[in-house]
Amino acid sequence: MIKVGVAGYGVIGQRLADGVALQEDMELVGIADLMPTLSIRALREKGMPYDLYLVDGADKNAFAAADIPVAGTFADLIGKVDVMLDSSPGGVGAKNKELYEKAGVKAVFQGGEKNSVADVFFHGYANYEKGLGANYLKLTSCNTTGLIRSVDCLDRAFGIDRVAITIIRRVADPGDYHRGLTNALQIDKAPSHQAVDLMTIMPHVEATGILVHTPVTHGHIITVVAHGKKGRITSEQALAAFKQHDRIRVVRIDEGFQGNASFFRYARDLGNPRGDMYEIGLWEDSIVESGDNIMFAINIPQESVTIPESIDAVRACMKMQPDSKTGTAATNKYLKLGGWRSIKGY
Amino acid sequence: MIKVGVAGYGVIGQRLADGVALQEDMELVGIADLMPTLSIRALREKGMPYDLYLVDGADKNAFAAADIPVAGTFADLIGKVDVMLDSSPGGVGAKNKELYEKAGVKAVFQGGEKNSVADVFFHGYANYEKGLGANYLKLTSCNTTGLIRSVDCLDRAFGIDRVAITIIRRVADPGDYHRGLTNALQIDKAPSHQAVDLMTIMPHVEATGILVHTPVTHGHIITVVAHGKKGRITSEQALAAFKQHDRIRVVRIDEGFQGNASFFRYARDLGNPRGDMYEIGLWEDSIVESGDNIMFAINIPQESVTIPESIDAVRACMKMQPDSKTGTAATNKYLKLGGWRSIKGY
Amino acid sequence: MIKVGVAGYGVIGQRLADGVALQEDMELVGIADLMPTLSIRALREKGMPYDLYLVDGADKNAFAAADIPVAGTFADLIGKVDVMLDSSPGGVGAKNKELYEKAGVKAVFQGGEKNSVADVFFHGYANYEKGLGANYLKLTSCNTTGLIRSVDCLDRAFGIDRVAITIIRRVADPGDYHRGLTNALQIDKAPSHQAVDLMTIMPHVEATGILVHTPVTHGHIITVVAHGKKGRITSEQALAAFKQHDRIRVVRIDEGFQGNASFFRYARDLGNPRGDMYEIGLWEDSIVESGDNIMFAINIPQESVTIPESIDAVRACMKMQPDSKTGTAATNKYLKLGGWRSIKGY
Amino acid sequence: MIKVGVAGYGVIGQRLADGVALQEDMELVGIADLMPTLSIRALREKGMPYDLYLVDGADKNAFAAADIPVAGTFADLIGKVDVMLDSSPGGVGAKNKELYEKAGVKAVFQGGEKNSVADVFFHGYANYEKGLGANYLKLTSCNTTGLIRSVDCLDRAFGIDRVAITIIRRVADPGDYHRGLTNALQIDKAPSHQAVDLMTIMPHVEATGILVHTPVTHGHIITVVAHGKKGRITSEQALAAFKQHDRIRVVRIDEGFQGNASFFRYARDLGNPRGDMYEIGLWEDSIVESGDNIMFAINIPQESVTIPESIDAVRACMKMQPDSKTGTAATNKYLKLGGWRSIKGY
């Protein structure tokens, strides 16, 4: 059993903890945080299913006042694990790395850290093998993670040499008040970092893109214009490839998937914890051809999309499985991904 | 075991079904709907935990195409139950009532129906006894249900004779595309129907109010100015009364409950199905006094707030418990309401 | 002096009237509408700068009650003009056409009508000559009008044979309550009609695209991936071409143009009536190259962008100028378009 | 002619400058700012109708690069005026005050400064006389300014001794990206500062209130529950009083004033610069009675509502008019306020 800890029990950290807890070949030792946030208070109200460790600087009295039991210090947690999943606020992970190094513990960082924090910039499908045995890995960001799933899927099936993306980005998560946008679309300087990151992970692809922030909370939508290296890819071919993927859910507008909020609605109705979805959505009705380009739109559930690839990263760095195929398959099995494919007519 | 069916498996219907399924003295026989909506598709993907019956006019082929098994007709369902919870679209419930009458089945309608559909306009706390043995009950709407909880709570403790409310209404539910508002606050003609409805349920209170629609999805906020019949009610007195209530959760801004979205965030983190919350939220920091008036703000989780009172209605019409106190207590027990009070310091 | 009337004094109609009134070689005879809307009430409060005619079915008493003087009937207006600019609600224009035909009056319809209402589907730059002397013209929609400006600009300079667009659509206008979207991105079936319409107007270009609705009111943003027929177009070349265009305003994020709302802010600060802008915005910082593709983003001020091309249509159908160059130049002169180019450093 | 300067040409500063420029007994000497913002660039594109002075720390090269002429330094401007209207960012005004004191120049600060910056916390209607001859005045904030107009109006007519307010606050201005809220209602600790400020200006009234932030940009809505000192005030009485006020526009939902965005729409259609409105809106349909309380809703156009009272402040501190009645009347005349009352049927 690989022993795993989670640093930072925020939007991502909670989901990392839940995801690890579902892996039958991993043990979640505990989670670490600084303050009795709403998420920590919810953990308390649920009866502390995970042990809580306090990072340096935490105010013990605040936890006591909120009737929240504490299992130990951050150092205690690090001393008990093989690998840390670090989802601390951006920049804190780099500081934590010093503790991990001292303790001889591996770590997987999230997209908020600089690339330099890690030996490998990692994606479970596109470059799992690079992560094998590595000590420090950094996950791609939520948009890049989902984007690469779809581009890698087409690339393996047909060969892709160029993509142009438009990211229609959700600007905050549900429950955020510290950031937001009201009645405006905000544009970033091009090219977007997601296009640049895609080229780092998939160096044989030339990518560019534009990102526009929109005032919504339930998932980014990305349109992708991908160029077939060997010529035209038909909509039917692309669709068939996407439908085989365990982390891509193909949907149709007529089924009721009218936009990004439909995935959230559906996941809530499925009874998924927090209304989360690990898979990206891909609209069958959005796939169109233009010359040798294939164009399509995907939905990125920003809160949870990086969890599977983060668990893949644990598998890679701990050499639990030797390659992308077996590594992602193990993650998918425990997260029950792809089960929807058994529905007749999918 | 009281046998219950649910007509209309939409936003409310799903939650009624889930709520009934948790009552150990009730049996959920099945649910009925017209189309393979996202919610029905989710039911299918979950493996049909509830039997599905089709109402008249349903397209069987559409269900077959979506690989969704059907247990029978609406008439079949009605034939098997003691009481129907009807959460059909507004106006359809009135038509369904004819079927219920023919079959000699009781029914509880939601706020979208006209008052005339029912013998009793019902609230579990404020007038449970009126519903005892009645054949047709209509629930108060989501805002009115939550509002009455708070006003009835103060009224029982201190006596209330006048209230003025401002409803800051969420305009759509998560996942809605058929209604919405963009960058606007829309005002309704005063007085709002919620104030009028409150007077119907609590005829000894004079109420008025103004309603403003806002472009958000996660819960209405209502400010209440309540006048103490016997003079000043202090903030401390009001707070103590609210904290005793099983369907009112008292929170503080400093804990992280900064607005309506915090309740949704917290409920998701609690692991509540769909991120739902049955209780209303009440901000301790909002309670202020002005003369003999006490003013405070509550949060109404519009998707789920009427579920407990709807189950109370089943208890009343089936005479399962003789009065408000025992009826609501039974519902609360099975829905695990009020458990948060055991956290030290609440 | 060409005599012009405007049917429908809504969002577009008001702006058509104002635009025509600025043309020194045209006379605005009057406007026609059905109800004392806010816009008509504002006309009254301003002292009736334009004569108001009532269409059939209008309630005269409602106008009298609001103290609004009426100049005559719709037939009276039609009898006095050479050409009608019809911005009635979608479908009404087709009915009005019968009246125009009887009176021997030409008409220009807006994008809400079906293409079949007109002899020519028109754009001032891309196919002015097709409109010369035609009796019935239909303008491209707001998005298509702005999109074609940019694609036609590159096409004339460098040759374009393929485009893939992503339309990030504003879902309502400021002041709309009858339509809206709340916390959701909604996707349409692909290809979007704007791509199809572009091909109708510019048949030598292959176009496809995806449209996503967003909950904002201040302008659509479109990203365009355009393929150079003769090979790579550099960012510098594209920029130089865009800067020469009188209906394209090139901006930079660092100047403060952070998104669609910045154009509205800037137009308000300019003192433009209603905070309107006739030109599209184009972000210099968005222009990126990828292979033989050039990618960039434009901003479409949906309320006013079609006004110049609508006036061009009057020029074409009345043969006021013989070609696109002179026709658009006349419109631009009276609307004072392109004046920003005299600012040093633009 | 009283000579006036404006410090800070942002949202408020621009409007102060425009408002002063309309006063025939005042001269706008110029405006001062720090950076070539969009508003300054718009001033340039309009041909510099106002002279621009640079505050300390301004980067002259940036202005030169944008082709923007500069008339002098901040000290130059202060040296030429009798009174400064200071709408610098919060806190900067307090520093500027030292310069004003040295130069012997009076100043009027906006609501963002602390009360201690000024000798008098000022409202043109409620306490004009306190400002007579004062050196430093601070205006009430936008919400408080509009709120006091309505409460003072009732107070003068009927006597008011208690109010409870609910502020439904717009969270950003059109064109803001640095602040915003997405799909959330955020609540502040009660009582709101507006209620407290009202008591400072009108010490004979007891006030409390709750403020909720909403994700919109076009105007705050406040509901007011006001208690008649001498007993019941009828809706008709209140309506009649409001209709006499030059800075209150009474509207009806059926006219098309469905919400806050309608005022903005209407002001744009009126041709008001920037779509601004100096008057607050008051919905006739919102006025309801409950016991001795009268309840109603007002709309606060946050960008422009404080302009008239700021000009009143100049009149007071320069002793241009001796009392509230004549001071506000002079301001209203030049701003053409109340003209709508001449429309028959108002």
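Letters are used for the chains, namely A, B, C and D, taken in the order the chains are written, and counting of residues starts over at 1 for each.
Assume contacts are C-beta pairs under 8 Å (C-beta built on N, C-alpha and C of every residue); 3 or more make two chains touch, one makes a residue touch a chain.
Everything quoted here is computed from the prediction, not taken from an experiment.
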**Item:** Path length in the contact graph (chain B to chain D, fewest steps)
**Value:** 1
**Request:** Count the C-beta pairs in contact for A-D and for C-D, then report the pair with the higher count.
**Result:** C-D
**Prompt:** Which chain has its C-alpha centre farthest away from the C-alpha centre of chain D?
**Reply:** A
**Message:** I'd like to verify one number: the distance from the centre of chain A to the centre of chain C, where each centre is the average of its C-alpha atoms, in whole angstrom.
**Reply:** 42
**Asked** What whole-number Å value describes the gap between the mean CA coordinates of chain A and chain D?
**Response** 47
**Asked** Cα centroid separation between chain C and chain D, in whole Å?
**Response** 35
**Of all residues in chain B, the ones touching two or more other chains** = 174-177, 182-184, 186, 215-218, 258-259, 261
**Complete:** chain D residues touching chain C in their complex are 14, 36-39, 41-46, 65-67, 174-177, 182-183, 218, 255-259, 261-262, 264-266, 268-271, 273-275, 339-340, 343-345
**Message:** Under the definition above, what is the set of chain B residues touching chain D in their complex?
**Reply:** 162, 164, 166, 168, 170, 183-191, 206-210, 212-219, 221, 223, 225, 227, 253, 258-261, 283, 285-291, 293, 295-297
**Request:** Please name which positions on chain B make contact with chain C in the complex.
**Result:** 171-172, 174-177, 179-184, 186, 215-217
